[in-house]
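Order of writing sets the labels: A, B and C. Residues in every chain begin at 1.
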Amino acid sequence: MITLTSDFGSPYPASMKGVMLQRTDARLVDVAHDLPRQDVRSAAFWLREVLPYFPPATHLVVVDPGVGTDRAAVVVRAGEHLLVGPDNGVLLPVARLLAADADEGPQVFEWRYENPESSTFHGRDVFAPSAAAVHDAGVEGFTDLDPVAPTDDYVDLFFPEPDVRSDGADGEVLVVDDFGNAITNVPGEVLDGRAEVAVNRERAPVEPAYAHVDPGQRLVTVGSHGNVEFAVNQGRGDEAFGVDVGDRVSLSW
Amino acid sequence: MITLTSDFGSPYPASMKGVMLQRTDARLVDVAHDLPRQDVRSAAFWLREVLPYFPPATHLVVVDPGVGTDRAAVVVRAGEHLLVGPDNGVLLPVARLLAADADEGPQVFEWRYENPESSTFHGRDVFAPSAAAVHDAGVEGFTDLDPVAPTDDYVDLFFPEPDVRSDGADGEVLVVDDFGNAITNVPGEVLDGRAEVAVNRERAPVEPAYAHVDPGQRLVTVGSHGNVEFAVNQGRGDEAFGVDVGDRVSLSW
Amino acid sequence: MITLTSDFGSPYPASMKGVMLQRTDARLVDVAHDLPRQDVRSAAFWLREVLPYFPPATHLVVVDPGVGTDRAAVVVRAGEHLLVGPDNGVLLPVARLLAADADEGPQVFEWRYENPESSTFHGRDVFAPSAAAVHDAGVEGFTDLDPVAPTDDYVDLFFPEPDVRSDGADGEVLVVDDFGNAITNVPGEVLDGRAEVAVNRERAPVEPAYAHVDPGQRLVTVGSHGNVEFAVNQGRGDEAFGVDVGDRVSLSW
């Protein structure tokens, strides 16, 4: 099984599928192709949110603002999963999670490529062929492939850490989802036992689910990712709370 | 085969796919994930429009404004099809159609679940696992699954009935599709033999297909669903006729 | 394998999938369903861009402003590929490319259909069943199917030719992609060895890839399709260069 994630919109992902289907019979499963454009951190967040629900698979990821420069291509082994994508850190946060139960953490390899057909579409010309190849070689065999070489010299990425105190927490909005839920880096546990909190000094109720407030009303909840999120029942939390991706947010109680 | 329908946008549907692929080898087919948000009636309309074209399958449907409340999860058997989703009526109109040629109408079962991982994403934590389980158990075997129990206590949903008279018909716009076609609940037969009708007292031609009028011109036609729809050739019927979902419309001749 | 391409948005493509899955076990692969509405030339461009990366397959294409008129349905054989769609020229540019290495060029057949269920959704009622049938019959057998008849009377389509001279080139913007890259019909070779060119008399740098200029800066590059395109690193080239689909553009050096 190969999953596909990109910020390509349409129809470029189909070219990647064609390239892979020339080379492998693997099942192809789309994760998303409408991730925020060239936003490596958002992509890393969504991969960490979604991929751990998959069985062992090869994951092709192309959010690649550095396409056509000398940035490397990497293959990351994380437990029984393989991840293929550009060397910009996008694969690492999810790789750490996928390897959490394995004997060792993520292992990073360079995929050495030469003269791709284009300098603007490495998803098609570099990453799709490499994903098909490492998939068919498998987690035990892919290191025997000629272009694969272990490396310690790669770009890593970490999400900002929240500051959790006894009287509140300072954090950041990591992403806003399609519903308008503003998802922070603050762990949901800080809401345990609380009926309301102040978000940037304005009070809002803490509720277990959207429908616990009336349509159009604000709430603070723990999203499916386990983090604090700002939401509106049947509306957009980002607008109601006046926050956007990257904004610092202050919770207090 | 399992079909997937939701209002989740992206990338949440991929989490549901991962959960199912952990449990089953079934083919997964997306119906839509961009249905109008938390609009149970629109979803019920589109399911009734699309699912009857499928071979026997399990259909996972998550349009679920009541997620995290005490609303039940249900499994509906309709002929050789199984439907899985929240107990809000969304499954029933299509189930009646899918069961039309079977010996009996839709049979509704509760899927009893406890303590899902999240209270905001039952698509991933309740419905995807249950869809995988009932799919693999099959239409004959799924009633043996522990969480499945027959029930008569479920939410049903009916579309509003039009008022068809000898001199006209009063109905309602049920949905507007991506092309801007405004689809009503008035059966297409009322247009038989007519060259024009009045829509809210303004005359418009009745045509068999969009290209029978010039680009930009209005027409009244029978859509692929068999209902009266208001359209514009290469344009948006909803705007040209000034109607939106839920609006009452009056046809006269 | 059957690929699907349309301008249907959602959820109509699912009806086509259901119809095909009633008739065939073929793998279904979406190319795109959000192509510019009823824009035959854009669709022809994207098909020519994407389908050559696929292994031999049947390609269902429905961009069909003439639905419900007397326009024919056609099946085109191009090497080991089959294409199915409306007789409006959309299939021909890619068919010429797919047949480039075959012994002969594209061969066009009419698919004779009668009284489809609807006059507005031939994707579901005419093209999906015919795609399933020709797929299962194969490139050698599909001509034995009853509805298939060879024809010389079909609509063809050619992209406009650019005018390339020693001091510049005049061309046209064929499409704008989801990133905002404005893709012309001018072959990329004209940029060989140039550091900058004038686009409609305004100078812009020639670069091999987006990230070779700062974010927000304009560049002229050779896209993955091999043509000259106008782009902005992490921005929209169509807006920065003030061009849109169909605009004439003048390059000079």
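Here are a few things to note about the model shown:
Assume contacts are C-beta pairs under 8 Å (C-beta built on N, C-alpha and C of every residue); 3 or more make two chains touch, one makes a residue touch a chain.
Note that the coordinates shown come from a computational prediction; the quantities given were computed from them, not determined experimentally.
In terms of which chains touch, the assembly is arranged so that all chains touch all other chains. Superposing chain A on chain B by their CA atoms means rotating through 120 degrees, a value rounded to the nearest 5. Shared residue numbers account for under half of those found at the interface formed by chain A and chain C, and the copies are therefore classed as meeting with different residues. Averaged C-alpha coordinates give centres for chain A and chain C that are 31 Å from one another.
Per the touch definition, chain B reaches chain A in the complex via residues 8-12, 14-15, 17-19, 21-22, 28, 37-38, 65-69, 117-121, 124-125.
The residues of chain C lying in touch with chain A in their complex are 1, 3, 5, 29-35, 46, 49-55, 177-179, 208-212, 221-224, 234.
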